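Both complexes below contain subunit A, partnered by subunit B and then by subunit C.
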Partner chain A sequence: MRLSALGVRNVLRNRARTVLTILGVAVAIVAFMALRTVLTSWTEAVNHAAKDRIATRHKITFVMTLPKRYVDDVRSTPGVVKATFSNWFGGQNPKNENEFFATIAVEPQSFLEVFDEIQVPADQRESWLQNRRGAVVGDVLAKKFGWKVGDRVTLKGTIYPGNWEFDISGIYTATRRSVDRSTFWFHWDYLNESVDARSKDQIGWIAARIDKPEAAAQIAKRIDTHFDEKDIQTLSMSERALNTSFLGMFTTVLKAMDVVSIVILLIMMLILGNTIAMGVRERTNEYGVLRAIGFLPKHIALFVVGEAITIGALGGLVGILLSYPLVENGIGRWLEENMGGFFPYFRIADGTTVAAALLSLGLGALAAAIPAYRASKLDVIDALRRIG
Partner chain B sequence: MTEMSVDTGAADRSRKVSDKPRTAMIEVRGLHKTYWRAKERLDVLGGLDLTILEGSFEALMGPSGSGKSTLLNLIAGLDRPSEGTIRVAGVDLGSLGEGARAKWRAQNVGFIFQTYNLMPVLTALENVELPLLLTNLSAADRKKRAQIALRVVGLEDRADHRPRQLSGGQEQRVAIARAIVTDPKLIVADEPTGDLDRDNAEEILKLLERLNTEFGKTIVMVTHDPAAAKRASVTHHLDKGAIRS
Partner chain C sequence: MIPISYNVRSLFVRKATTIATALGIALVVFVLASSLMLSAGIERTMGRSGSPSNAIVLRKGSDAELSSNFESRLVSLILAAPGVKKDETGAPLGAGEVMVVVALEKIGDEPGRVSNVQVRGVTDNVLKVRPEARVIVGRAPKPGSDEAMIGKSIRGRFAGVDLDSSFELKKNRRVKVVGVFEAQGSSSESEIWTDIDTLRNSLGREGLVSSVTARLESDSKATFDAFSATVQNDKQLGLEALRQSTYFEKSSENTAVFISALGISITVIFSLGAIIGAVITMYAAVAQRQREIGTLRALGFSRLTILSSFLLESVVLALVGGVVGGLAALCMSFVRFSMMNFATWSEIVFSFEPTVPIIVTSIVVGAVMGVLGGVFPAVRAARVSPIDAMRA
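Entry: the complex of A and B
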């Protein structure tokens, strides 16, 4: 027998209480990992944004449009290799109006060149280019609605009213994590020819590939300077900066989530601390006996801390094991299907798992700090008097 | 406890112990112990003198509050005197700090409590082995010594039993094995038969007598039971913090 054996045996002493505490810790760890994954996935679009792409939008807000002719000016800007443009369509599936997904009008040829991480099989790509009513949809979206290549689907326009018919020409996947695989891309020409005169030849934003990623800021400035004297001014920035500015709108929400994840851990620590304190109270006389036969205060403290770390580690392990199916396959799948624009790749980061494991151990030890200190400071005779 | 002390037979050991010139194991001089409850001073022991010879079996009796348990705790090094000196096996316990007293207890004192105080999560063998965890012995040596101690108290066949699987008398015998496993010079017993019926109490007292006569252990026992006190060679009666006889 080793000294540690006594601590471990004490863990199993009140099994119901230990199991409930381990479950309590596990639930806290699952909640912590889910929240941290929201935070890490949220920034995934920033971390995996293309470095050689810049976006240009209306200087005031991305809701306001730019004239289509600006695309040619951007294409002729030194440093720009290719450029494409898009319009937010705001379509809904009439059969599932509550299911949100992005619907965007693009110029297919230039779009696939600028966004080469979008992967469409060659035959489907050709089919899309040839069909003005054609659309390509993400594999996640296609799976969700049961759409197949060749299907004719009708979307209800919210920004551009009416029922719009499309042919599913292809289903895309992506080679980059920042890509939402639930988007519906279709021909900008189809949109443009169907809208009223006031909305004709208007685009939402321009995306351009540049030759030198390190010159992104200079090229963006060059574009904006070019349009400074025009009737509509622009704001250009790297894709990463654009995504960051988009996320910036949700800073408060992200901070709140950050705080909540810490609060959850504090609650976990209190649950664990309470269990350990109860155990110490119940075993006061035993600690008195151990001290009487020669064990030192540090031994008693080690027993208490060891017990807390063991429970914390077990709770952490159960929590981590539960998190993968619950967070990735449960919440994650739902978020990727329904909020792919925000969470294109909802997976637990390695850092989150490591943090959860270390915090389970660390907070377990911290939760035991006060009970361990008090147990180690017990007066031997007072402790023995509780024997009866 | 050495293996030889078990195997060489009681008669030789007993003769060796009795043949030796007996020196003082415990010397108490002018011992005062005072407790404070809020602002109230409580003099539990007042200028007590006592000498207990090596290899003797002595009982401390007296009414509740007479100071016998306090005296036992002081002799065992669990507490420090307010005044006066206690020398046990030549060591002035009052001069030792808390850590040094803990180490001294681990090497020199075996404890037997009224309510046995075994660890419920450990087997009988593991309970006996517990004090040896503070030594440098190997795991195999610790186990061997614990088995020998259990054999001395006649419970080698209960080594794997948990305390709740044992009777009260058996639990106390395991506690005695735990007290002797480090081969201490001194055994202190606080009401060792207080929770036992007459037959089991008799078994325990016989075992204590055997530890005293065969293994030469010095035993100091606090008891309320006159029948138990009769088994001791000397009985000290305490009253209001002083020895009356």
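Entry: the complex of A and C
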């Protein structure tokens, strides 16, 4: 019998323990993959953010607005192809005030040109452009509140007081993974005509499409330099840089999750190493016999490591197979619906699966290192004399 | 009763296995205790920010200071409402304040990154209106000057946010930091306080305030109700009064829930792993000691005694792990944790807050894992037939 096959066979000796260990490894792998997926899909929004768009906001604080005429200046900046503008509205659904979703006032025509990953069916798009009270909402949001095209909905304004009525003109989907599918977009004109004099012709931020993504930094600088001499200065950066800086506020949380995902691997190694060590202790006699009939220490070590890798691989496999339904359908669906702003696309990355598979093998071998070393260093006489 | 020293010695005999299992449980307890400590820290930071005898007035419908604004002329009307405490000169203890978040560049471990900081425009009686705040270094800013004081939590975390440094509120208008204050660990310690007019003028917000904070004569319901009735009575004003404590509870809810949910779901998965580890260890312990168990049974110890003895062994094992994990978690109280506050989109610094109930809970959870992991192996031990076992 081949040596490695013997190692694998040892796995079947204490079935209850093997099954438990595999389960333990599988649980750890599920936890590891879930945590990693939180990390990767959180950063997904950054990686998939457009590189050819620049956002311009008030330099000091996003609470303050910019004069609307700034858009024309941005449009005439060399390198800028198109530009649009938006206002954060801060609306709440009065029927469910705790449910957070973004409500943004936009200029529909230019908005759909600049954000071309937003897909609205042609007829709905047409009716949105025609209807001043029209709004376009994400499919996830529409599903959550049971809104259909043609519905009239009322939102409560937290920044702009009062109740605001809208007609749902369309439902959008997105071709880019970084898009939150729970946003509510409506006509900026509708907002502007109803606010007091102080808030008239004010916009929250400007989004500009540029011709060369690699020149994003220079064009952003060009815009800021232009406004530097005006009464309100601006801060411009590419959409990707903007998302990165937003993510920066969660650096500590991300770091903590990183640490925790390593801790779970440690627990996995402890469980696996424990099982292997117990097996080795029970089989001390056998190893003595094997050594006595001429097997070398490295062969003994190979048995032990082979067994550990087999258990690790099986546990890893079970864990990965369990992760897909659990992470993508269970946690993932909930997060996409409720925290779409953070997790617009919650899916296990291929890299995570590969890492989980490699780690379950590698850490299995590593966990076996001490027991394997001990087993190979056994003195033949002692081993034969010892009673399990 | 089998003496407990029997179990303890058995654990000592198999040192490596005992350590591995206890360490597994220790890690679970550590993670659980740390996340509970962090949510307690968040609640403390936000909770202590609000006193039940203070009231905050916002524009009706706005859910946070950040989205609220109304005309400054309403401030004196609000402060004239019944129940507002007066100082020795008879002036009401309350003030209209402006709250904005400002983008500043981070320094220290993440240089170059821009993050949001809360800046509060305060009046010169701020230390009377917010008695929990106390200047610990330097001095309070002079009224009407371009000076600021900073909360001790954010000192040195952002460019220009340190004593004798300065940051920009408008082009060519730098605000100099002249003091550092502490506020009993509340969220104010993550804020910058400047003169209200300096802030308003730099941002073009003249004539507006975000909120009014007033100290009331008592925290009784009657006092607050009288105050809020007067403030809310005039529908034209469109104002809403809240107890400060209620306001902060509401605004910290999301952040605390986020951390607790994250921490607890991680702990549940982790403890599954650790319970499995304990089951494996205890099964092996039972299997190895068949003979011993048989002997004990032959000596006349009942099945129940054997069962409880092995269960006890498992619990002792788990408790060792639990205590180690709990102690390790205590070390986390030296760590500071900065995160985005969902209510203000700005950064706030939390600490891990160790409390006796948290540490006790975590160790108890560890012991429960010992019980769960030990129960099946212990049942198996109790089933050992003395004759078979001694013959084996």
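Criterion: the second predicted complex is superposed on the first by the 385 of 388 C-alpha atoms of A that agree within 3 Å, B and C clash if a C-alpha of one lies under 4 Å from a C-alpha of the other, contacts with A are read in each partner's own complex, and residues count from 1 in each chain.
Everything below uses one rule, namely that a contact is a pair of C-beta atoms (placed from the backbone, for glycine too) under 8 Å apart; a residue touches a chain by one contact, two chains touch by 3 or more.
Bear in mind the structure is a predicted one, so any value in this text is a computation, not a measurement.
> Thinking of the overlay built on chain A, is A:Gly306 touched by subunit B (first), by subunit C (second), by both, or by neither?
After superposition on chain A, A:Gly306 lies in contact with neither partner.
> Comparing subunit C with subunit B, which touches more residues belonging to subunit A?
Comparing touch counts on subunit A for subunit B and subunit C gives C.
> Who does A:Ala16 touch here: subunit B (first), subunit C (second), both, or neither?
The answer is second: A:Ala16 touches subunit C but not subunit B.
> With both complexes superposed on chain A, which partner does A:Ala292 reach: first (subunit B), second (subunit C), both or neither?
Touch status of A:Ala292: first partner only.
> Looking at A:Gly170, would you say it contacts subunit B, subunit C, both, or neither? Reply first, second, both or neither.
So A:Gly170 meets neither subunit B nor subunit C here.
> Just checking: does A:Pro161 make contact with subunit B only, subunit C only, both, or neither of them? Give me first, second, both or neither.
After superposing on A, A:Pro161 lies in contact with subunit C but is clear of subunit B.
> In the superposed arrangement, what residues of subunit A touch both subunit B and subunit C?
Overlap of subunit B and subunit C footprints on subunit A: residues 388.
> Taking the touch rule as given, give the residues of subunit C at its contact with subunit A in the complex, in rising order.
Answer in residue numbers: 14, 16-17, 20-21, 23-24, 27-28, 30-31, 59-64, 66-67, 100-103, 106, 110, 113-116, 119, 168-171, 202-205, 238, 262, 266, 269-270, 272-274, 276-277, 279-281, 283-284, 288, 337-340, 345, 347.
> Could you list, by residue number, the parts of subunit B that touch subunit A in their complex?
That would be residues 73, 76, 78-79, 98-99, 102-103, 105-107, 111, 113-115, 117, 119-122, 126, 129-131, 133-134, 139, 142, 178 of subunit B.
> Write out the stretch or stretches of subunit A touching subunit C in their complex.
Residue positions touching the partner: 16-17, 20-21, 23-24, 27-28, 30-31, 34-35, 59-64, 90, 92, 97, 156-159, 161-162, 228, 231-233, 235, 245, 248-253, 256-257, 260, 263-264, 266-268, 270-271, 273-275, 277-278, 281-282, 370, 388.
> Tell me, which parts of subunit A touch subunit B in their complex?
Going by the criterion above, the answer is residues 1-3, 5-6, 9-10, 12-13, 285-286, 289-297, 380-381, 384, 387-388.
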